[in-house]
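My structure is below; once you've seen it, I'll send some questions.
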Amino acid sequence: MFTITTFGESHGAAYGCVIDGCPPGLALTEADLQGDLDRRKPGQSRHVTQRREDDVVRILSGTLEGVTTGTPIGLLIENTDQKSKDYSDIKDLFRPGHADYTYQQKYGIRDYRGGGRASARETAMRVAAAGIAKKYLREKHAIVIRGYLAQLGPIAVSLKDWSAVSQNDFFCPDPDKVAELEDYMNALRKSGDSIGARINVVAEGVPPGWGEPVFDRLDADIAKAMMSINAVKGVEIGAGFASIEQKGTEHRDEMMPEGFLSNNAGGVLGGISSGQEVVVSLALKATSSIHLSGKTVDIDGKPAEVRTKGRHDPCVGIRATPIAEAMLALVLMDHCLRHRAQCGDVQSQTPIIPGKRNS
Amino acid sequence: MFTITTFGESHGAAYGCVIDGCPPGLALTEADLQGDLDRRKPGQSRHVTQRREDDVVRILSGTLEGVTTGTPIGLLIENTDQKSKDYSDIKDLFRPGHADYTYQQKYGIRDYRGGGRASARETAMRVAAAGIAKKYLREKHAIVIRGYLAQLGPIAVSLKDWSAVSQNDFFCPDPDKVAELEDYMNALRKSGDSIGARINVVAEGVPPGWGEPVFDRLDADIAKAMMSINAVKGVEIGAGFASIEQKGTEHRDEMMPEGFLSNNAGGVLGGISSGQEVVVSLALKATSSIHLSGKTVDIDGKPAEVRTKGRHDPCVGIRATPIAEAMLALVLMDHCLRHRAQCGDVQSQTPIIPGKRNS
Amino acid sequence: MFTITTFGESHGAAYGCVIDGCPPGLALTEADLQGDLDRRKPGQSRHVTQRREDDVVRILSGTLEGVTTGTPIGLLIENTDQKSKDYSDIKDLFRPGHADYTYQQKYGIRDYRGGGRASARETAMRVAAAGIAKKYLREKHAIVIRGYLAQLGPIAVSLKDWSAVSQNDFFCPDPDKVAELEDYMNALRKSGDSIGARINVVAEGVPPGWGEPVFDRLDADIAKAMMSINAVKGVEIGAGFASIEQKGTEHRDEMMPEGFLSNNAGGVLGGISSGQEVVVSLALKATSSIHLSGKTVDIDGKPAEVRTKGRHDPCVGIRATPIAEAMLALVLMDHCLRHRAQCGDVQSQTPIIPGKRNS
Amino acid sequence: MFTITTFGESHGAAYGCVIDGCPPGLALTEADLQGDLDRRKPGQSRHVTQRREDDVVRILSGTLEGVTTGTPIGLLIENTDQKSKDYSDIKDLFRPGHADYTYQQKYGIRDYRGGGRASARETAMRVAAAGIAKKYLREKHAIVIRGYLAQLGPIAVSLKDWSAVSQNDFFCPDPDKVAELEDYMNALRKSGDSIGARINVVAEGVPPGWGEPVFDRLDADIAKAMMSINAVKGVEIGAGFASIEQKGTEHRDEMMPEGFLSNNAGGVLGGISSGQEVVVSLALKATSSIHLSGKTVDIDGKPAEVRTKGRHDPCVGIRATPIAEAMLALVLMDHCLRHRAQCGDVQSQTPIIPGKRNS
């Protein structure tokens, strides 16, 4: 119901996005979208890529005097800092761990300039579009969607303090861990290598009843959305893989008139939101764009060595926090509207028990 | 492109399914579908629920003299062993960990008889439908899709021998572990509790080029499909959560003219198949249908105790193996057709390097 | 949002349908659906085909104790009067005007028994499914959807009296024309030929605001729905083809506080319902299943003569009235839910002017 | 499969479009799209609106060095000649025959500047997008899609000569009728009124087998596409409404080894292309943007008079020819890819009989 359609490549003229299904009457200007774009933007600290992307988003349609009209919202971000020359020497080589090889095999042609469509820069459009969803969910349903870095390589981080997340370069929710992260990243950058990360995202205030029972389950759509983020290799809802070793008596979240006693379900039961916090965790691989040489083949299948030059994130996971928040917002917004469509006659009922907070 | 639409509740008259998009000219009879249905069927051993479901599937349309005609294929499984009386005393109670509460909140009404639409019995239709996909993929593309139990509670199992999987009650690929699994399950059943599991699924022979770059990535669609299986709480592709601690030099799968040197990607790069094995792992929670009493509330929010009677799987993960295979088959079939639609002009090209086998 | 998926062939085991998106809480039993099925059913008078189709529909899922639960509704109609032998001699011939040739070319195989999937018998499932939509629209929105025969071959019929429609074999709204229609059909049947017809359908009570502006316009979706009925070759909304010769001053429906002064628009402006009656007209060709021999080719392209035996409608348009009503109901139901999804926040506003009735 | 998503309003910053599913490897530059845009463009003659829209399209993504890559193609047309002041005095009035009233009722807000999203200017994006489809269909399948004015108010025009169409301001296929059309339009413009029109569109070379049997029939999708064009009130395929009075022996197109003997079907049988010319006819109403005053109400339901100033087409039908061609191209392209998806295994077979040309 709330759909986004994007276009654009890292070294093309612009990225664009069309948002269909946005409810009318929502106050909306570029300023509402720019904040998360800036959080995602490269070049913010020495721990992320030093590419300069201005990422200035323009709203081209769908609003009148700062209010949404219900018609499609067109967004545009023009590319300003493309250095296509960086990529000319890998034109006929497939970088290991990249989509170079699979694009070539699929299409018989590929845009070799900086990853083309496979570049994570595409997520800027999703972050911009999700800014609309976030605002609607916050204003109409008091839903708050927040994420944080939960692990960087070997360093696990606990959710100590939500307010800390915005006060360091890592989206780290534990101020005492920031120095350790800095040291790790400095050493990593020096080595020329890269590292994976875990990001957690939480939505508070989701009312019970969102999601479809079988195919378009809320958790299934979240899994798809998260796995569609570049570099993500795993997704968990609630207890996730820890569920394997939990007994039924331990995993099932018992209920009291005051609320649930635990949240192993991660806020989703039978594909439908329970009113508890929706809790998602994702694993991101290390970027394959590293300066250390690796074995590969060229377009004729001949052996070769490749070394990625250019400017890249040593840990793409760091900047993934606002992207993961964005994807969760897009899924929730879609299910908000879907639920209203089918269950508008009954949806006003109050929850039988409150959705207990984890925090 | 290859879509399935299902209906049915555990205690209704029948389950049904419509398959749209099946290519014409495929030899197909009920016998092609019954095999996997029988693998999924309850009552096969004492380690799974003792419900008797005959699960006899009928093909109602879409074939002529045993060959698909290209028109929608209708499947039907009639319910024969419904004991609705088992559920009457939980009509107004919400079983913890079940979808009872969320269905009631979403729809203002729920089918309290055995889980209704939320019952895992619905997956029988997906397994039946996937039988068509499996057969097509095998005959036209020599793709083989197989799964196994990789962990049951605390007991991890390695892939020793594919042929062992069909020779025990657990889909266990290591014959030496079967006795340990038996003992664990016997003790568990005695305790009245249940346990989680991990299932791995592998598709061999997928050609490079299937999957869409951004939203409908092959891995994203697999994540959604797997998370739509009842009780699944986590999904991994390739190295999955282990990617977090891998460095870029370790994770990236280097390439040689003879093939890839590793398969951390799990056969998907940039959302598109690479020609390597597609490797998926999923975590299933313990069933919440256990005989041990738990705290809950009733439909008025009053505190209550609930104890599930009836016949249930102490480990739903065991029977999930054919279901996970089915979901992977459905996703691959869909992307097979999608790829042909867009890239039919170029798809005949041979792979530049062979997709190296893991096994 | 309200989607139907059907399967079945005229000489297969059964027709089936899955309805997704039906709101929960609607009282629904088979009796609600059987009435329109009986109106559509062959064998009701000597002017339509003498095939006996019992067309008894069963609801297999989606209701509990006679109330919809919000989960998919499965419908099934078993085929009971198939005479496959009637068709054996046309197995390798293409009947002119039928889909025989196009199915063979598309799929490389075709179900030659009575049209297979191309048989108008498939519309029984749409009529059954639409019974749900009709009931919901009537109960929640006081929408009434009715159709009538407006022309049969050379005989045009005016809407004199809605109540007359159900009192003759032709859905004719002018009692004084019935005898003329009888005579025409008797002569036609004797000649062995068939004839075309025009059906009009009207929906009263549709509130303003349903429909999407550009692609999924209400009128566009109606056009598609009507053209998807077998034998339909033309669709008009409101003034339709008469608009060509109307000047702007004549066509535009002026507005007064008491309502619109005319309804050339047919209740749709800019793709969105205006609150006026939605008025649709469709042209149906004469059935090509006639007893008079015609030129054709066989499967090898060799010239041949073909004569359809079996039992067929000399005017398929007669029975198309309930089908056209059904298609309009399905489109309106879908847009009812879509509108609620996007515009649920503002949809309660009252119309600025009343939707004037034509009648 | 070949989907277009558009955004933009007549007085916003820009119109945009995303094309998903375009096959890779197609040579494509802006020049391929500009031709049809120029044919549709206003200001070309004194018979159409004198608004100056430069309608210069830019390709923002999806090509590399002038060849499609298979990734989404983004198109942008910036608005340059918006005179928003023209519309300030109708801000709170509903122009009869326009979408003003229905947008206000649907969304509770409307962009009153020149029709906003309801403006026919949106079709520029569809024409641009269809340029890609037209080129692909022409190059890969030798399909030619052409349209012409078949009637303007009371003046019917016959298809005398395809080459005449591009040699007058009316897309008139009969050079002898041009003077009469000129005179009619001069008188009409002087009167301040507007008039309807009929446009015919023909696709030659469509192979047999495109289209889906029941819902997404080729003719149903064409009907939807045509009815989604602004001002269209009726659609016919083949014999269309003339079918009503045709007998079965007359309507059915008999077949010979040399081809069909007639084309009443308009190239579609059972929803699937037959290999004959696809023949479509559409009725366009007179524009409601006229200088003659009319009765209406204001936003509070109070009676009012309204007179549209600004620059408008006295006959919007004239410029609809390239738009109708565009919509037909988009539908055919989509079904081309859909057919390949499902029937790729059998699609290479040659037609059993040639698709006879009408002309």
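Chains here go by letter, A, B, C and D, matching the order in which they are written, and residues are numbered from 1 within each.
Basically, a contact is a pair of C-beta atoms (placed from the backbone, for glycine too) under 8 Å apart; a residue touches a chain by one contact, two chains touch by 3 or more.
Heads up on the chains, UniProt names are A, B, C, D = Chorismate synthase.
Small disclaimer: the values here were computed from a predicted structure and weren't measured.
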### Query
When you check each chain against chain C and chain D, which touch both of them?
A, B
### Query
Expressed in ° and rounded to a multiple of 5, what is the rotation angle of the C-alpha superposition of chain B on chain D?
180
### Message
With centres defined as the mean C-alpha position, give me the chain B-chain D separation in Å.
### Response
45
### Query
In whole angstrom, how far does the Cα centroid of chain A sit from the Cα centroid of chain B?
26
## Note on the structure
Taking each chain's mean CA coordinate, chain B and chain C are separated, in whole Å, by 39
### Query
Which chain B residues touch at least two other chains?
6, 24-25, 70-71, 106-108, 117, 213, 343, 346
### Task
Could you tell me which shape the graph of touching chains takes: line, ring, star, complete or other?
complete
## Note on the structure
chain D partner, complex, touching residues on chain A are 5-9, 12-16, 18, 20, 24-25, 58, 60-62, 64, 67, 69-74, 76, 106-111, 116-117
### Message
Looking at the complex, which residues from chain D come into contact with chain B?
### Response
1, 21-25, 70-71, 140, 213, 337-338, 340-346
### Message
Could you list, by residue number, the parts of chain A that touch chain B in their complex?
### Response
6, 94, 96-99, 101-108, 117-118, 122, 151, 153-154, 193-198, 208-211, 213-215, 217, 219-228, 230, 233-257, 261, 264-266, 268-275, 283-290, 292, 294-297, 299-303, 317, 339, 343, 346, 349, 351-353
